[in-house]
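The same chain A turns up in both complexes below, where it pairs with chain B and then with chain C.
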Partner chain A sequence: MSRLQRSGPLVLLLVVLVLVAFPFYWMLLTSVTPREALFRPPYRLFRLDFSLGNYRELLFATEFVRYFANSLIAAVGAIVLNVIAATLAGYGLTRFAFPGKKTFAFGTLFSYMFPPMLMAIPLYILFSALQMRNTYTGLILAHMAISLPLNIWLMWQYFQIVPLSLEEAAWTSGASRLAALRQVCLPSARPGILSVAIFSFALSWNDFTFAFLLQTDRKMFTLPVGLASFVEQTGVHWGMVMAAAVLVSVPTFLLVFFLQRYLLSGLRTAG
Partner chain B sequence: MRGSAEQRKWVLATTAPALLFLLVIAYLPIAYAVSLSFFKKTAFNPTMKWVGLANYQFIFEEPELWNAFWRSVVFTLGAVGLQLVWGLVSALLLNRAFKGLNQVRSLFVLPYLLPSIVVALVFQWLLSQEYGVVNQVLMQTGVVTRPINFFGGLGTAMWAVIGMAGWQYGSFATLLILARLQSINPKLYEAAAVSGAGTLRAFRDVTLPNLRTTLIVIALLRGIWMFNKFDSIWLVTHGGPLKAPRRCRSTPIVWPSRSSTSAWPPRPAP
Partner chain C sequence: MAFTVRLEGLDKRFGRGAREVHAVRDLSLEIGEREFFTFVGPSGCGKTTTLRMIAGLETPTAGRIWFGDTDVTALPPQQRDIAMVFQDIALFPYMTVRQNIGYPLRIAGLPRVRVDEKVEKVAATLGLSDKLGQKPGQLSGGQQQRVAIGRAIIKEPKVLLMDEPLSALDARLRVEMRTEILRLHREISSTIIYVTHDQVEAMTMSTRVAVMDQGRALQIDPPRMLFRRPADVTVATFIGTPAMNIMPAVIVSTPSGPAIELLGRQTAVAPRHHASLQGLKHVEVGIRPQAVQLVAPGPERIAGRVFLREPLGLEDEVLVETTEGTRVKVVTAAREEEFPEGMVVGLEFAPQDLYVFDLESRRTLAYGISSA
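So, the complex of A and B:
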């Protein structure tokens, strides 16, 4: 084999890796570059004069912390409601035969294909009438609209691999159905429940469309909406914006590096 | 089996919460949107008036809808095509055992899971006309003589958005294709080699047929999701390059938000 043929794929692989990694690198580097340096292009591709000034400004001179709290409240609410509703539904769908089960399952998958915008505009009108815009409840419900269908489907799949014999063994030793569900079924479904929690979190945390339409009060902005408003101001302070982008990505980084196993199993079905 | 009355109670208790949520937050809004589309209601005349299909006739005769529709088609085809090519090339390159494969795979999951706002901000910064590092490198290497206004230029905005979508969502294709590649029986390649097939031949006769279903699934799913895309496009272009005529470029998903009479944010009359 010629030298070129052997090293060709390696060089290409390197190019691909640089293409994937460079935006991350540039985001991180910009976030620790002093403000003055950012106003004086051309930039060096490597630099060592790091400064945390952008982060300090972001945390103390903007509403970032409030947006962070809003995003967190919405995400936690979405996780709790999704886990309860999806786990129960998954259990019901796999353990009982009942009329309309097929319709229910089909309807769940079908609603997963709705364009978010098509739901967001009528939700805006409904929530306006119910005085639910700019509330956490409204936002959490809206976020469930995008994550619940997928989560029901995940738990439905997951409960199919939790063996029924475990529960039956509990029943024969005198446990009620509820006790068997709590003590036998739920512990063995824990990985499925964790996936549901992760996806509920990710979809809520990443959502721009719903929060943008529903949360019009600056005090109720979530991180994506708040960050978008940073760029609309004149004279964008890119160092600070990149610091914000880094902090918003932290949960994503943590998820990927600690929980890749769960993510990959659910990836096929994620938006 | 337990009594059927108890079972009915269980079915109700387990499925009712999910059913209720789905009906109220997914189906009700959609049904409301569909029913509203047959009525006329404006800020000056706030009573609902049945107009049948007149609203549909109105938008189908609106040239901007068709412009937006075709732009959506171009965006979807471009973005999905780029994602497939990117996914195929990167998966083939990654499909070998090397140290750090797991780390590299993690790196590839990242863009896909990042919030759209982060991707939009980073790309606006990378491609900025005044301060963008991409323009800087292009200028320094002499590829262009003047910095390009990627997201703001009429000729470049579409390609910049397609490129950004390719970067963000291409890794979805990479991971699915890589998983499929690793499940192809190596004996098939041995057989191909024995019968004298070269690398290209083996790719055409072994790899591609095995990837067919995966590629179709990716194209369909990503096609639907790209056609519906709102956030990424809105965030980098606000429905059209800055200072371009208002009715200039956006996709049907972005279009309603631009066609209101007042400045953004347009709020539908409650």
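So, the complex of A and C:
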């Protein structure tokens, strides 16, 4: 194999890396560039006038912290409920026989194919009637409506690879079904549970459609909606928008960074 | 009253309609206290299903299961005084050896100190004392199976169920573990109910064996009885290696009563068997390969040609094709020079080594036919 052939994939990877990483770099750079310096030529790839002014303005002069908290509450709620529901549903689908089980499983996957917008309007009407608009519960349930089908499917796949004999060994050791599920099944399905948690988080954290339609009260805005409102109000204060974007990506980054091993093994099983 | 495990008309069907599988058919038997009882048979014969019903992991379609005076048919496994060793070993991968073995006691709520004490005792009997801190994945197959056995015996169950526990191990380890399990059977007070497809395992370990086929118990007897007095052709060919020769034969009338005509030679039948062979013409006759001798060909002898010769070690397995084309397996001393492949030989056997089977029902009609 020639040197060119060997370095070929490496060069390709570098090109892709630059394409992917450059926007992040630009976001970081813009976020620490003072407003007045941003549009002053010459535009260079490296700039030295560093300032945290954008961040200060974002944190203290806007509702950013509130939006952040709203997003976090919705995301944590979505994670907790998704993990509980998907785990129990996935367990039920693998371990119990009931009529219409196949149809249910396929229906679950099929419902995931609907675009969020298609569900958003009925949900708007439903939640209006139930007075659940502008509530955390409503938003969390809406987020679950999109993420739960795939999560159930994922856990269903996961429990299929946990051997039934493990549970039977627990039962014949005297453990109840629930104890066996907790002590024997769940540890084996942990990568799946983490995948569910990450997926639920990502979907909730990045959701615009539902938050925009359901949360009309400014106090209940989540980050994606709140950020969009920055663009309108302030005639695009790019430095601040980019500072917000940096802070928004921090939790996602941390989550994926620390759990990437499990995330990958989760994708392998599902795929 | 002694503790027994009693199956009463046990029946199990899986699925419905055309896809229904009748796994166990009307099985009744009683297993005595501290017995080593083995269900043996080919895959799909219902042996594992029976064991799982005794464990409470399957619900019988009909019939009852009794542990002593208690009807346990409807009880879940947790409420039966059992423990089980699984074919795929089924150790909890996230727990250490110590936690695995101690699991049944921790579930039962025993204090930690007591659990540790018992775990160490069990581990010592099984030679696992230095493995307690390890995870199952770090152990060899044989060690893993020992841990699984340890987890099963630690709570001293009345009934210890073993579902092909040795099938995941290699041949040498299987023999080693066989001895180990036998030793345990002497040391512990549990009744052992064992399932295997390996007749050697069944024969060497059990006090009694049930030979299963198509959901039925063909014969329930101690190992030696199965070998000496098989109830039918299936048991006769299943028990013993190499398998018994089964050949077509005819019952003929002679002045001194009925005789069996086998491979062109007549064998007189002792009077005590006359009644059971009455009115029959075509039958099947079986003879074990060890009971046939290779001799020099002669005018009064069954003639054949050595077709194939396979060394087994001390002995050779020789396949002889008779002049009429019947193939007879013979186990003989490993002296190839005597009867090499292709050589014309004579076959000889003692009449008392013959078994006569009914062609229709395949039941054994007579054995030891010339002895009084």
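In the analysis below, the second predicted complex is superposed on the first by the 242 of 271 C-alpha atoms of A that agree within 3 Å, B and C clash if a C-alpha of one lies under 4 Å from a C-alpha of the other, contacts with A are read in each partner's own complex, and residues count from 1 in each chain.
We take it that a contact is a pair of C-beta atoms (placed from the backbone, for glycine too) under 8 Å apart; a residue touches a chain by one contact, two chains touch by 3 or more.
For clarity, every value in this text was computed on a predicted model and none was experimentally measured.
In the superposition on chain A, A:8 makes contact with neither chain B nor chain C. Counting residues of chain A touched by each partner, chain B versus chain C, the larger count belongs to B. Judged by the touch definition given at the top, the superposed model places A:23 against chain B, while chain C stays out of reach.
By the touch criterion stated above, A:96 is placed in contact with chain B alone, chain C being left untouched. Of the two partner chains placed by superposition, only chain B is touched by A:111; chain C is not. Within the superposed three-chain model, A:191 lies out of touch with both chain B and chain C [touch as defined at top].
When both complexes are overlaid on chain A, the residue A:119 reaches chain B alone and has no touch with chain C.
Residue overlap on chain A between its contacts with chain B in one complex and with chain C in the other: absent. Contact residues on chain C toward chain A in their complex (touch as defined above): 55-57, 76-78, 82-84, 86-88, 90-94, 103-104, 107-108, 148, 151, 155, 161. Listing the residues of chain A that touch chain B in their complex gives 9, 12-13, 16-17, 19-21, 23-24, 26-27, 30, 38, 41-43, 45, 81, 84-86, 88-89, 91-93, 95-96, 98, 104, 107-108, 111, 113-119, 121-126, 128-129, 141-142, 144-145, 148-149, 152, 177, 202, 205-206, 208-209, 212-213, 216, 223-224, 227-228, 231, 238, 241-242, 244-245, 248-249, 252-253, 255-257, 260, 263-264, 267-268, 271. Against chain A, the residues of chain B that register as touching in their complex are 2, 6-8, 10-11, 13-15, 17-19, 21-22, 24-30, 32-33, 36, 89-90, 93-94, 104-126, 128, 130-131, 133, 136, 140, 167, 171-172, 175-176, 224-225, 228, 230-231, 234-235, 253, 256, 265, 267-268, 270. Residues 163, 165-166, 168-176, 179, 183-184, 187-188 of chain A are the ones that touch chain C when the two sit in their complex.
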